[in-house]
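So that you can tell them apart, the chains are marked A, B, C, D and E in the order they are listed, and the count of residues begins at 1 in each.
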Amino acid sequence: MQINRPAALAVSLLFLFVVVLGTFGTSWNTVSELPANPADQSNIEGIGMLIFTQYVVPFEVLSIVLLASLIGAIYMAKGEGDK
Amino acid sequence: MENLTLLAPELAIAVTGLFVLLAGIFMSPQAKNMLGYLATFGILGALGLTVGSFGTEAAMFSGTLSIDALSQFFKLVFLAVALLVSVAAIKYTEDSNHTEEFYALVLFATFGMMFVASANDLIVLFCAFELASLATYALAGYEKQNARSLEAAMKYFVIGSVSAALMLFGISFVYGATGTTSIPLIAANSGLLVNNPIGLVAVVLLIAGFGFKMALVPFHMWAPDTYQGSPSVVSALLAAGSKKMGFVAAFRLFIVALIALQPDWQLAFTILAVVTMTFGNVVAVAQTSVKRMLAYSSLAQAGYIAMAFVVMTPMALTGGILYALAHAFMKAGAFIAAAAVVWMVTSEKKGNLEVPDHLDSFKGLGKRMPLAAISMTIFVFALAGIPPTAGYMAKFVLFSSTIQAGLVWLAVIAILNSALSLFYYARLVKYMYFLPPDGEKVSTPFPYAMALLLAVAGVLVIGIWPEPFMQWAMEAAKVLV
Amino acid sequence: MALEEFAFLIPVLPALAFVITFFFGKKLPSGGAIVPIAAIAASFVISFMITLGLLANPEEVVSQSVSWFAVLNLGVLIDPLAAVMLSMVTFVSLLIHIYAVGYMSHDPAKSRYFAETALFTAAMLSLILSDNILQLFVSWELVGLCSYLLIGFWFEKPSAASAAKKAFLTTRIGDVMFLTGIIVLTADLLKLAGGFTEGVYLLRFDEIFGYIPQLSALQANVFGFEVSHLTIITLLFFGGAVGKSGQFPLHVWLPDAMEGPTTVSALIHAATMVTAGVYLVARTFPMFIAAPDSLMVVAYFGGFTALFAGTMGIVMNDLKRVLAFSTISQLGYMMLGLGLGAAIGLEAVGVSLFHLINHAFFKALLFLCAGSVIHAVGTQDMRELGGVGKVMPITAATMAVAALALAGFGIPGTSIGTSGFFSKDAIIESAFLFGEHTHNWVPYLFSIAAALLTSIYIFRLIFMTFTGKPRSSYGGHESPAVMTIPLGILALFALVFGGLTQTGFMNFLEETFTNSFVSVDIGSLAEIGGNELVHAAGHEPLFILWLPLIVALAGLGIAFALYYLRAVDLGALASMKNPVYKLLYKRYYQHEIYTEFFSIGVVYGVVAFLAQVVDVVVDSIVEAVGIVTVAASEELRKIQTGVVQTYATVVIAGVSLLIILVKLIMEVL
Amino acid sequence: MLPVASLLILVPLIFAAVTFFAKTKEQAAGMGLLGSLVTLGLALYAYMNFDSSTAAMQFFESVEWIPSLGVSYTVGIDGISMPLILLNAIVIPLLVLYSWKEEREAPNRFYGLILTMQAAVIGVFVALDFFMFYIFWELTLIPLFFMVNIWGGEKRAHASYKFFIYTHVASLVMLLGIFGLFYAAWQQTGVPTFDIRELIAQFQFFESGMLRDAIFLAILFGFLAKIPTFPFHSWLPDAYSEAPTAGSVLFVLLKIGGYGLFRIILPMLPNTGSPNLIIAMMGLLGSVSILYGALLALRQKDLKRMIAYSSVSHMGYVTLGSAGLVALSVSGAMFQQFSHGLIMSILFMSAGAIHASAGTRIINELGGLARKMPKLAVIMMVGFMASLGLPGLTGFIAEFLVLTFSFVNLPGFVVIALLAIVITAGYHLWAMQRAMFGVYNEKLGDVKDINALQVFSMAVIALLVLYFGLNPSPVLDMMITNSEAIVSLAAAAGV
Amino acid sequence: MIPLSFYLGLAALLFSIGLYGVMTHKSGIRLIMCIELMLNSANLNLVAFSSYTDTLNGQVFALFSIALAAAEAAIGFAIFMAIYRMHDRINLDELNLLRW
C-alpha cells in the first residue's frame, strides 16, 4: 500500500466526523459570557505568574527539551567532516 | 520553599547530562570513552537516591509533581534501563566522536521519563513526555550514515509527532470539560466528560497518544521498524524504557484522573490488549530479524501489561507494574545481547551486513559468544514466561488476576498467546545453541558483558526472590486505587 | 510328613535350574542339561512321595499360603487332582529331558533349550499346585510364554517364528477370556464379601467355592438373556481352556506349533501344557457344575473338537501334524469327559483326568518316537518315508505300542488292555450314560465317530512310516540309548498304567473336593446348576462296551487295506480335485478365515486402519493450528508496508474506528 | 535426618550446572553419572527411612517464600511420590551408562540436560506448593525440547516444537485452573496460599457452580494432556519417536501427568458438581486410549513409533485405574506408572540400540537380528513380554489391578480395555517376529550387539521389572496406603 | 458572541486537514507543516477553552506547546536533512527498507 489519497481523505473525514460529533454533542460547561472586552484584559501578567509559580516545573523541563532538541538537531543535521 | 531533596534523582540525572555534554566538548576522542563511565555513575547515584527515597510521599510545586510509590517505582524502572543502556553504550560509542551527545540525550530522555512518572499535571506530563520523545528521535537516528537508522528515526518522528498532536488534542478536550489540567482536580470535575460524547473522544485520543509509546496495535506501526532500524542500545531504551513511560502516564491519567470514564477506556483497552498481544505474537513468528522479532514480542508484552487496565483489580495493577519492571530487564537485556551480536557481525565484516541482526548471525552463538548466548536465552525464556524468571513471576501475578476477576476468556487468550510466543523464542535459542557457528569464538566486550550480567541478575532476582518487588509494586498499585 | 514342608520346592527347583542353565549352561557339559534333569528329578521325588502320602490319607492335603500383594496370595495346594498331575508332569518331563540330551545334542543353542524347558516345567508345576486362581493364571501365562519361546526355538526359520506368534496370540484370546472371568469373579467376590478382610486371600479356591451359591444367584442381562454370573465366569474360564487346550475354534495354533523341536511337541504340546485347560476346568469343577448350562457347553465343544480334529488328522502328510491333530482330538475327549459331569457328577473329573494321564504317556511316546525317526532320517514328511521299521526296530515297536494305546485296544470287561483303552472307553461309556439319561446322543455320536477316525489316522501313520519300501533315500540308524530308554519306559506305562490303576485312580480323584482344604457338596451344587446326576455305572449293554473296540479294529482294517496293502489307488481320492479332501487338507480354510480375513483383513485392515484415520484427523487439527498461525503471520506482517504515510493512516483510522467501536459496544451492552 | 526432599532437587541441579561446563565427553558423562548416583543414594536413603504404613507426608520441609502471594517452599514425600522418585533415581544413572559410548555433539549439554530433567521431575514429585509444582512442571519441558530438537531424528524440529507448544498450552490451561483455585480459596479464607493440600481441602467449601467445575476441568485437562490420554496425545508419537534414545527414556520417566491425577485430581474429584460424570469420562478416555493406542501401534512401521503408541495404550491404564476409584485400582494405576517407566525404558533403549546398529528402525527393513544381537534380543524380549502384560513382570501386576478393580465401578470400560489385550500381544509379537526373528537381512551389513555398559544398564532394569513383577509389595504397599486415604475421601463424600 | 463550537469546529477541521496532509504528502517538509497544523489546532482548542472556562492554564499550556512544537520541528528537519544527505531527496514514501 503506497500513498492512497481517497483512503486518506476518507480517514480524515471520518476523524473529523467523529470529533465534530463529539464536540458538538457536548454541552460545554462554559462561563455565561466572555469577558466584556477581551482586548482590554491583559492576561500576560497572569500567565507569567503561573509559569513561574505553579508551572515552574514544565518550564524547567522545557529548558531541557530545548537543549535536547538543540543537541539532537545539531547532531543530526551536521554533515560529518570526514565524509 | 520546596524540599528539593525529593527531586534529587532527577537533578542528579540532569546535572550528569549537562556535565557529560560540557566535558565532552573539551575531551579528546579517546578520552570521551570516560563519559560512559561518568554517565553510568551518575545513573547509579540517581538509582541510589531513588531507592533511598522509597516510601516518601509528597506533592510538590503546587501539586504538579507527586512523589509517591508509583512514581518511585517507575523511576526505578527507567533508571535501571538507563543504567543498562549506559553501560552497554560504553562499547557502542567507543569509536564514535559524538559520545557526549549520545549520553546527554540518553540522560535527558531518562530525565523526561522520570518526570512523566511523577507528573501530577497534564502540562508537566506533556512536556516531559515530549522531552523523552524528542531526545530519543535523535537517538534513533544516531547512526546517520546508516539508511536504516535514519529511516527508523524518520518513522519514529512522524508517527510520534502525529501522536503527540493527537494527545494534545485529547488533552485540550479534557481541559475544556474540566477547566483544569491537574490530575486530581480532573478526577473531581469529570462530570461533564462522563455525560457527554466528548469524554469518549478524549479518552481515545489520549489512548492513541500513550498507545504510541506503549506500542499498542494499531498505534504501534512505527515500533517494529524503529526497533529494528535503531542502534540496538537505543532500541533497548525505547522498548524497555520509554514504553513504560507510556504505561505510567496512562496509569495516572486513566486510573486516577479519568476513573469516572472507566467503562469507556476499559473497553477500549480490552480491544487493544487482545488485538495487540495476538498481532504481536502471530507476526513475530515469521520474523527473521531478531530485533524485529523482539519488537513484535514487545508489542505482545505491551498487550499483556494493558490487561491491567482491563482487569483493574489491585492484583492486576500490581501485576502490570511488576511486569513493567520485569519487561524492562528482559527486553533491555535482549536488545543489548542483539547489540553484541550486531557488533560482532559488523566488526568482522562478515555475514549479513545489511541486516546484521538476522537470525543467521545468531547461529552457534553459544560457541561464539557464550555469555551473550546464555544471557539471551535467559531473556527470551523470561519473555516467554518460563520459570524461574522475572517474566514468569510477572505473568503469574498478572494472568492470575484475570482469573480472580473472572475474566476467563481473557486469560485464555493471554495464555494461548504466551504459548505461541514460545515458538519464536525457542527458535532463537535453537539457533544460538544448536546450529553450527559461522565463525570464530569472540569474547564478549566488557561493557556488553556487564550490561548483560546486570540484566540477567535483574531477571533472575525478580524471578527467584520476588517478594520485595511484589511489595513495592503493591504499594505502587495502592496509589492508583 | 516333613517332605510336605518342601512342597513349594517342586516348582522352585526347576526355576532355579532355569536361571543356572540360562546363564551358565554354555559352560556346562551337554548344554547344562544335567541341571534341569537333576532339579526335575528332585521335584519328581517330592511329588511322588507326597502323592503316596495322599493315597494313604486323601483328606490331609498339602496347603501352604503366603501373602503376595494386596489381598492376593501365592500358595501350594496338593490334593489328589494336583498330585496325579504333578507326578505325571515331573515324570514325563524328566523322561523327555533325558531324551532331549540325545535329541538336541547337535544343536548349538541347546543350553537355551534346556533353560527354557526347565522354565516351562517350573511354570507348569506352579500352575498345577496353585491354590488360587490368580497364581494359576500367572503360571498359565508363563507356560504360554515358554511355549512361544520353544515353538520359536529355531527362530531363524520364518515358519517357526510365525508359528510361535500364532500360538501365543491364539491362546492369548483364550487367556483374555480367562482373565475376564477372573476379573468378573473378583468384582463379584468383592461385592459379596463387602470389601477386603485382613488375612483373607480373596482368590483362593476355598474362598471362591464358598461363594458359589451366591455367585450363582447373581444374574446379569447379556444380550437380552438372564444369565447367572457363575455361568458367565465359568464360560469365560472355559474360553481360556479352549485356547490353551486347543479346542475348537482356537485349536489352530497347535498343528503349527510343531515347528518347535519334537521334544517340545512331546512335552508341551502333547503331554503337559495343552492339558492345562482340562486341568483348569477340573480344578474349578465345583463352579462348573453349579453353573447352569456351562458343562453342556464344555461337552459339546469337547465332543465336536474330538471329531473335527480327527477328520483333519487323516489327511495330513506330516508326521508331527498328524500327531498334533490327534492331540487336539484327544483333548476334545478330555473336555467331553468333564462336560459329562452334568450327568455323572464328580466322576467326570476322574474319567477325564485318567485319560489325561494316559494320554500323556502314549502321546509323549508317539512324539518321541516321531522325534527319533526325524532325528535319524531328517524328514518328517510321511510321503518320503516308508520302511523305517527295518532301520529303527525299537522305535517302531514302541510307536506301535503307543498307537495301540491311542486307538484304545483292549478287551472290555477285563483288566487287559492298553492305557488308552481304559480311559477312552470310560469317556465313551459316560457319554452313553449321558445320552441315556438326557436323551441327548450328540456327545456319544461324536465320541464314537472320533474313535474310528483316531484308529484310521494313527495306523495310517504307522503303516506309511514304518512299513513298505523307502520312498526316498534317507540314511538313518537307530537312536542312541539315551533316547531309546525313555521310549521304553513310556511304552511300558502306555501299556500297563491304565490297567493297573483303573479303579484306584477314579476313587482317589473323587476325594479332590472334600478334604482339609475345602469341602464342597457336589450334589447340592449340581442342583444349583440344574444338573441331575445319575449313579449307575457299569450296566451298559454289551454292544456298547464292545463298540469302541470294534470301531478301533475297523479303523485298523481300513488303514491296513489302504496304506499297507494299497488295495485302492489313493491318487484320485487324495487329490486337490476332491473337494472333501481339499477341504480337509486346507484344514477347513481356517488359515484363510482366521489369519487372512479376520486378523489381517478385519483387525489390521479395517479397525486399526480406522483408528489410524482418526489419529490423522486428530493430529491434523493440531497441525492445522500451527500451519494457520504461520500462514497468518506471513500475511499479517504485510500490514507493515514500510511506508510511513500508511502507518499514519492506520494510526488515525485506528483512533476513529476505536471510538466508533467502543461507542457501538457500549450501546449494545 | 537429611533434608532429602530438597537435596533430591538440588543435587541433580548442581551437578547439571557443573556438567554444562565439562570440557570432554568423559568428563561430562562422568559428572552425569556421579550426579545421578548421588541422587540415587539419596533416593535409596529416603526409601530406607520411609514409613509405608502411613499416608502422611514424610521428609516434610516448609519455608515461606513469597508471603504476599502465600507462596512457600514446601516439599515432602509420601507413598504417591516415593516410588516415582525411586524410578527416576534408578533409571537415570543407567541411562547415563547406556549412553556412555555413544558419539554425539556437545556431550556436556546432553548430560547436563538429563540431570536438569531429573531435578525438574523430582521437583514436581516433591513439591507441595502449587507455585513450585508449576515451576518444576514447566521446567521439565525445556530439557525435553532441546533433547528432541538437537539430538533428535529427521523431523526433530517439527516434533520438538509440536511437543513444546502443545504441552505448554495444556500446562497453561492447568495454570489457569490453579489460579482459580487460589483465588477462590483466598476469598474463602481471607489468607492467600498456594499450598496444594490446603487448596484441595478448601475446594470442598467452594460454591458449587460453573467456576468450581471449570477450575477442576482445567487442572484435569493439564494432566490428561501430559499423560497423555486420547484425544490429547497428538504430540506424543512425534516427540517420542523423534527423540534420541535418552530423550525417549526421559519422556517415559515424565510421569507427572498421572502423578497429578493422584495428588490433585482424585482428592478434588468428590467435591465437583458431578463426580460420577467425570469418573465416567475419565474411564472412557482411559479405556479408549488403551484400545486406540494398541490399534495404532499395530499399524506402525517404525519401531519407535510403535512403542510410542503402545505408551499411549499403557498410560490409558493410569487414567482408567484412577477413575476406578477403588483403593486397589488406584494403586494399580500408580503401579502402572512405576512399571511403565521401567518397561518403556527397556523398549526405547532397545529400539535405540537397533537404530544405532542397524541404521534403521523400520520394522520391515530389519529381520533376524536375534542372531547378530543375541544379548539385545533377550533383554528386548523381557521388555516386550513385560509390555504386553506377561505375568511375573511388572506390567501384569499393574494391569491386573487396574482392570480387576476398576471393573467394580466401571465394567463397561474394562471390557473395552480387555479387547486391547490381544491386540497388544499382537503388535509386540509381530514386531518381534519381523525385526528379531526370521532370516537375517543381509542388507543390514555387519551389525554389532550392544556393548557391555548397555547390557548392564538394560539388564538391571529388566531385572527390576522381574523383581517387582514377582514381588511388588516394596512399592505397592505404600501405594495402597495412600490410595486408601484417597479413596476414603471419595467414599466419605459419597461417590 | 462567537459560540465555543465555532472554535472547536475550526480546530477539528484544521486538525483533520493536518492529518490528511500527513497521510498524503511525500515530502518531509510538508509533512512537518501538517504536523504543525495539527499541534496548532490543538493549541487553538486550548486557548478557546481557556477563554470560555475563564482559566489561564490553557493559555500557559498553549505557550508551552508552541515551544515544544518548535523543538519538534527542529529535530524533524534535522532528521530529514540527514536523509537528504544520504538519498538526495526526502520523499518519505521511498524509505521502506524496514518493513514486514
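Definition applied: contacts are C-beta pairs under 8 Å (C-beta built on N, C-alpha and C of every residue); 3 or more make two chains touch, one makes a residue touch a chain.
Please read all numbers here as calculations on a predicted model, not as lab measurements.
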item: Joint neighbours of subunit B and subunit A, given as chain labels; value: C, E
item: Intersection of contact partners for subunit B and subunit C; value: A, D, E
item: Centre-most chain, if every chain is reduced to its averaged C-alpha atoms; value: D
item: Of C-E and B-E, pair with higher C-beta contact tally; value: B-E
item: Farthest-lying chain, centroid of Cα atoms versus that of subunit A; value: C
item: Whole-Å gap separating subunit C and subunit E, where each centre is the average of the chain's CA atoms; value: 96
item: Separation of subunit C from subunit D, taking each centre as the mean of its C-alpha atoms, in whole Å; value: 37
item: Distance between the centres, which are taken as Cα means, of subunit E and subunit A, whole angstrom; value: 8
item: Whole-Å gap separating subunit B and subunit D, where each centre is the average of the chain's CA atoms; value: 42
item: For subunit E, residues contacting two or more additional chains; value: 15, 19, 22-24, 26, 52-53, 57, 60, 64, 68, 71-72, 75, 78-79, 82, 85, 92-93, 95-100
item: Of all residues in subunit A, the ones touching two or more other chains; value: 2-3, 7-8, 11-12, 15, 18-19, 22-23, 28-29, 55, 58, 62, 65, 68-69, 72-73, 75-76
item: Touching two or more other chains - residue numbers and ranges from subunit C; value: 637, 640-646, 648-649, 652-653, 655, 659
item: Chain-chain contacts as defined at top; value: A-B, A-C, A-E, B-C, B-D, B-E, C-D, C-E
item: Subunit C residues within the subunit D interface of the complex; value: 68-71, 134, 137-139, 141-142, 145, 148, 152, 155-158, 160-162, 164-165, 168-169, 172-173, 175-176, 179-180, 182-184, 186-187, 190-191, 599, 603-604, 607-609, 611-612, 614-615, 618-619, 621-623, 626
item: Interfacial residue positions of subunit C with respect to subunit B in the complex; value: 629-630, 632-634, 636-637, 640, 642, 644, 646-648, 650-655, 658-659, 661-663, 665-666
item: Touching residues on subunit E, where the partner in the complex is subunit C; value: 19, 22-26, 92-93, 95-100
item: Subunit B residues within the subunit E interface of the complex; value: 122-123, 126-127, 130, 134, 137-138, 141, 144-145, 147-148, 150-155, 157-158, 161-162, 164-166, 168-169, 171-173, 175-176, 179-181, 224-225, 228-229, 286
item: Interface residues, subunit D side, partner subunit C - complex; value: 161-162, 165-166, 230-231, 233-235, 292, 295-296, 298-299, 328, 331, 368, 370-371, 385, 390-392, 396-397, 400-401, 403-405, 407-408, 411, 414-415, 418, 421-423, 425-426, 429-430, 432-433, 436-440, 471-473, 476-477, 480
